[in-house]
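Look at the two complexes coming up: subunit A is in both, with subunit B in one and subunit C in the other.
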Partner chain A sequence: METLIAAAQLVLEPYTLMVILACALFGLFIGAVPGLSATMATAMLVPITFYMDPVPAVGAIVTMSAMAIFASDIPAALVRIPGTAASAAYVDDLHQLTLKGKPGIALGLCVVTSAIGGVFGTAVLMIAAPQLAEVSLNFTSFEYFWLALLGLSAAVMLGSGTLVKSVMALCLGLLVASVGLDTSSGYPRFTYGQQDFLSGVPFIPALIGFFAVPEVIRAIVHRDNTVSARSISKVSELFEGMGKILWKFRFNVARGSVVGTLVGILPGAGSDIASWISYAISKRFSKHPERYGKGYEEGLVDSGAANNSALSGAYVPAMVFGIPGDSITAIVIGVLYVKGLNPGPMVFINNAVEVNAIFLVFMLANLLMVPLGILAILMAAPVLRVSKTALAPLILCFAIVGSFSIELSTTAITVMMVVGVFAYLMEENGIPVAPAVLGLVMGTLVERNLITSLIKADNNPLAFFERPIAGGLGVVTLALWFTPLLVALYRRYRRPRVAA
Partner chain B sequence: MQISKILGAGFVAGAMVFAAGAATAQDYPSKPITMIVPWGAGGGTDATARIIATLLEGELGVPVPVENRTGGSGVVGHSAIANAAPDGYTIGIATLEIGGMHYQGLTELDYTAFTPIGLYNSDPAAIFVRSDSAYEDVNALIEAVEASADREFKASGSAQGGVNHLAVAGMLNALEIPVQRVAWVPSEGAAPGLQDLAAGGVDFVAASLPEARALMDAGRIKPLAIFATERADAAPDLVTFEEATGVAFALGSWRGIAAPAGLDPEIARTLADAIGKVVEDPEYTQFMEASGYAMQWTPNEEFEQFMADSDAQMGTTLRAVGLAR
Partner chain C sequence: MRIHDSLIGLFFVVLGAYVLFEASRFPGMPGQAIGPGSFPMLFGALFVIGGLIIARQGIAEGFGKLVVLNEGWLVPSRAIAVVVSVFGTILLAAFFSQIGFLIGGVLLLVTLFMLLGHRSLLWVAVAVGFVFGIYFLMSRLLLVPLPAGPLF
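== the complex of A and B ==
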């Protein structure tokens, strides 16, 4: 209780509140402009938060991303272009509702379900994370090794794109992660005599490259026309008949929140995947699956809650194990390290106040979403006219200044640009960048725990299965790897008999 | 790069020989003083540097911006301090690692590349075991280690060659137990090592008291002895290693303010006097006490002697562990 009060004091400081408000508006803008993703905006925010205290710094990212995920529904409804990938699942439903003359209620539903999903996900985060941390205090390097490996495997299997391409991207990330002094013997690897690479490829410039530069290049290469959209002028339009619809689909709101949170907790799967899965579940169990995609509210309610609850869920593994739940938390983990809030069970003991303050910011952001979201909906029409081509140089400027300011070296800018161009080429060829980023974030975690465990075990591989939890995690990981293979073999064996 | 460095050094040397020396010392300081921290923002060294910088602004009347120049196990930041112009406008934090990295072949740099201003903190390492461990005191642990097979005991607390590794290796060396008797499990800083100890992954850990405080307060680990010449103010009941075993051994991390070599002695004195006042400021003492950092102030020549001793000790220990190149 004392920690909560101290945490509340941290959050209620005028400076923190100002940062939260500013980032909320920034997030709404990012979400509402089609094609600018919440992950990119997070990467851009990092240099700005660099000199802030931990709570406003993480609070800035939390608030911005929550707002952006909701606001991406706005262009989805008004011009049928999802603001971020998280709204892609139900874009047709939203737009059809607009064509039927109900854009107000469509967006009203979005803002309310987003807030409910977000609050639910945060509640789970606040309750589950400390409990999980208590358990994981008994984790040694053996458990962490399996956990990290399991996280990487799950990320590859759940991500977008084909399995082979995901694995390729992951291996690339792992390779980049191995640059620098190796963690156990201090031997410099792949540094080619560059002092700047002794502590590895600078992480935040690389992330800015991964997420911001491809969007800049795309904005210039595929010039898109700006669109004009119908505007909503009255607040009452948003809430007409809202109570009735919400009550009718109350079960869907709950289901969306639960599914979203669970998908968020899974490493590598974030808001966009939560939204798709939730939409699919909703359609599968609906009494009217034929109405989906034609302006029906049911799927909207499910996925609207799911994408925002996933955002909070992703922080559970990120805070407790340092394993990112999605690509935004992959960046947040870097920020946490910079701020001395090293993720892991110890952070709940060493920095209980700051951790609770971050949870409170989550709550605050999701509650602020309703009034600020309404404001954003009312102001949507002019925002949608902003040209992405005009924003591109501005984003690039931020990317360069941001990379430089963190490392104070021009190497950082070079790294950012090289990684950025590479990421663009990857995405143009259907290779997802998210696994590469996870590889970069978790490469050292996997390696360090592997080497540490081997030293402890005097190189005996069986020791990886001797502790009960480690053994369990190991079996699950191996099962995850080999089940598809065994299934394929089984089918091949069965086929001739069926044919005969 | 090399040429500009030589030119720069030549220019500064020239300026000191001709006239300018006295004038700069009198006007000093007339512009912002950059304080370089070789470790990341948010860590212990950064936190202590920032509070000193803030209070130093008040003493000297010019801004003192803090710059984190991280990387290469501290090589990057220490080099940045040593290679700056010795005009008093670039100072920085030197830490224990400066004595070790040249033995490890990471850099040529050692303490002679700096003008010592003053030592403001040193936190001796202590030895920790799990609270439910069978070892009641450090002698019991040592007896068990003596009787054990090679690599049967696992210890952790820092990277290979890090301060806490050297504390354990130095202890074994002082006890005339072969260093390879205990397997060192490298960890990124003390915190993961301590958590591994609490989880039962290793047998004992060396770490400083502030690093271990959270897990000590949570009742999961207990200290057996501290590697210092006298007991710590923060834990007066904890015996020193020498008291317990009769073998003299002290080692721990330290932090001091340093400037590039060749700084005008008058400027060095101005800085030492100003920081001498900063470390008595109640705002500073309260911060250091609250965070659990030990406080001291050892200015100028004494600090140089301290660095020389520390360097020699690092050399002995690193050679014993086989990390010297």
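== the complex of A and C ==
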């Protein structure tokens, strides 16, 4: 209890509250402008958080990302362009509701279900993370190796590209992560005599490159569609008949929250995947699947709750094991290290106050979402008219300053641009960026635990399965790799028999 | 900008072969069968295998154009704006301390705004205001030593 009170004091400091409020507004703006992603905004925020205390720094990212995920529903409803990928699953339902003259209730449902999902995910995070941390205190390099490998495998399997291209993206991330002094022997790898690379490729500039530069290039190259959106002027429009709809679909809100949190906990799967899975489950079990995509509230309620609960769920593996649940937590892990809150079971003991303060910020951000979300909906029409070609040079300028400010080196700016151009080409050619980012974040972790385990086991691979949890994780990881292959072989075997 | 899968596959095969070659030259750890090259060998091999699969898929699809540019790339001002963004940033990085953020940033922003069709004086004012605003936020409030260049 004392820890909670101390944590609340940290959160309620005027400076922290001011940062939370400012980042909430920034997140609402980013989410409401189609094409700007929450991950890009997170990468851009990092250089500023670098100069803050740990709680406002992580609080800034938590609040901004939660608001951006909700706010992406606004352009989805008003102009049928999802602000971020997290709203893509139910964009048709949202827009059809607008066309039926009900944009208010569509967005009202989004803001309320997002807040409920977010609060549920946070509650799970607050309860599950410390319990898991206690269990993981007994983990050795074997368990950490399998966990990290399971995370990378899930990121590849659940990613948006083809399996082979996802694996290639992951390998690119691992290659970048291996630049610098080798952690076990101290030998410099792929540095070509450059002093700047001895400690590895600068992490935050690379992340800014991965997420900001492709969006700048896309905004410049692709046509700037100016949109005129219908505006909502009365708060009452948002809540007309909402109680009835929420009561009717109360089970869906709960299911969406649970599914979202579980998908969020899976390493590599973020809000967008949670939203799609939740929408698919909702349609599968609905009494009226034929109404989906035509302005029906049921799928909207499921997915709206799922994408925000996934955001909180993703912090469970990030805080407990240092394994990111999605791209945003991949960046957050970097921030946590910089702030001395090294992710892992010990952070719950050594930094209990700060960790609880971060949980409270989550709760606060999700509660703030309702009043600030309403404000954003009422002010949406002018934001949607913002030209992306006007924003692109400003984002680039901020990316340059952000990259420089982390390392105080111009090499960081060049790294940011080179990585960014590469990321743009990857995305244009169906090679997903997320596995590369996870490879970059987790490369050292996987390698260090693999080498340590091999030395401990005297190169005996069976030792990786001798401890019960390590063995279990190993079997799950191998099952994840080989199940698609076995299913494909089974189908090939079945086909001729069925034909016969 | 769509690149043919055969070229992408070839890129990964060459990259993988290079990683394998480099990693094979890393010294081993004393008394151990593994060393700093073991992990790069693993993903180097994956690059080669994955590259071959992608190239094979590309060849099976047939050769059309090796590089397909989408509509935006064919508009000269937009293509030039991308080139300016990329090389302008790298140039600015190379001469950051000499040019400084204030002059370099304003030059980059005004050039991009012009190329993207925002050509009024208002946009020059936006560029100047934004760059100076960022400079004072970072250098005065957050104490990041951004180079001011010859202006201060």
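Convention: the second predicted complex is superposed on the first by the 489 of 500 C-alpha atoms of A that agree within 3 Å, B and C clash if a C-alpha of one lies under 4 Å from a C-alpha of the other, contacts with A are read in each partner's own complex, and residues count from 1 in each chain.
Note that a contact is a pair of C-beta atoms (placed from the backbone, for glycine too) under 8 Å apart; a residue touches a chain by one contact, two chains touch by 3 or more.
Every value quoted in this text rests on a predicted model; they were computed, and no experiment measured them.
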Exercise for the section: Could you check whether subunit B and subunit C clash or fit when both are placed on subunit A? Expected result: fit
Problem - Touched partner set for A:463, first subunit B, second subunit C, both or neither - result: neither
Exercise for the section: Kindly classify A:345 by the partners it touches after superposition: subunit B alone (first), subunit C alone (second), both, or neither? Expected result: first
Practice task
Once the structures are superposed on A, label A:447 by its partner contacts, choosing first (subunit B), second (subunit C), both or neither.
Solution key: second
Exercise for the section: Once the structures are superposed on A, label A:367 by its partner contacts, choosing first (subunit B), second (subunit C), both or neither. Expected result: neither
Exercise for the section: Would you check which partner chain A:139 touches, where first means subunit B only, second means subunit C only, and both and neither mean what they say? Expected result: first
Practice task
Look at the residues of subunit A and decide whether subunit B or subunit C touches more of them.
Solution key: C
Practice task
With the two complexes superposed on chain A, say which partner A:397 touches: subunit B (first), subunit C (second), both, or neither.
Solution key: second
Exercise for the section: Pick one for A:417: touches subunit B only (first), subunit C only (second), both, or neither. Expected result: second
Exercise for the section: Name the contact category of A:4: first (subunit B only), second (subunit C only), both, or neither. Expected result: neither
Problem - First (subunit B), second (subunit C), both or neither touched by A:280 - result: neither
Completion exercise
After fitting on chain A, the minimum C-alpha spacing between subunit B and subunit C in angstrom comes out at 8
Exercise for the section: Using the superposition described at the top, list the residues of subunit A that contact subunit B and also contact subunit C. Expected result: 50-51, 184-185, 408, 451, 455
Fill in the blank from the handout: So, in the complex, the side of subunit A touching subunit B is made of residues 50-51, 54, 137-142, 181, 183-186, 195-196, 198-199, 337-342, 344-346, 349-350, 408, 448, 451-452, 455-456, 458
Problem - subunit A partner contacts - residues on subunit B that touch it in the complex - result: 40-43, 47, 67, 69-73, 75-76, 79, 104, 151, 154, 159-161, 183-189, 191-192, 194-196, 198-202, 214-215, 218, 220
Exercise for the section: Spell out the residues on subunit A that touch subunit C in their complex, using ranges where they run on. Expected result: 48, 50-51, 164-165, 167-168, 171, 174-175, 178, 182, 184-185, 187, 189-190, 216-217, 220-223, 387, 389-390, 392-394, 396-398, 400-401, 404-405, 408, 410-411, 413-414, 416-417, 421, 424-425, 428-429, 431, 446-447, 450-451, 454-455, 459
Completion exercise
The residues of subunit C that touch subunit A in their complex are 1-3, 8, 12, 15, 19, 22-23, 26-27, 29, 32-36, 38-40, 43, 46-47, 50-51, 53-54, 57, 70-73, 78-79, 81-82, 85-86, 89-90, 92-94, 96-97, 101, 105, 108-109, 112-113, 116-118, 123, 126-127, 130-131, 134, 138, 142-146
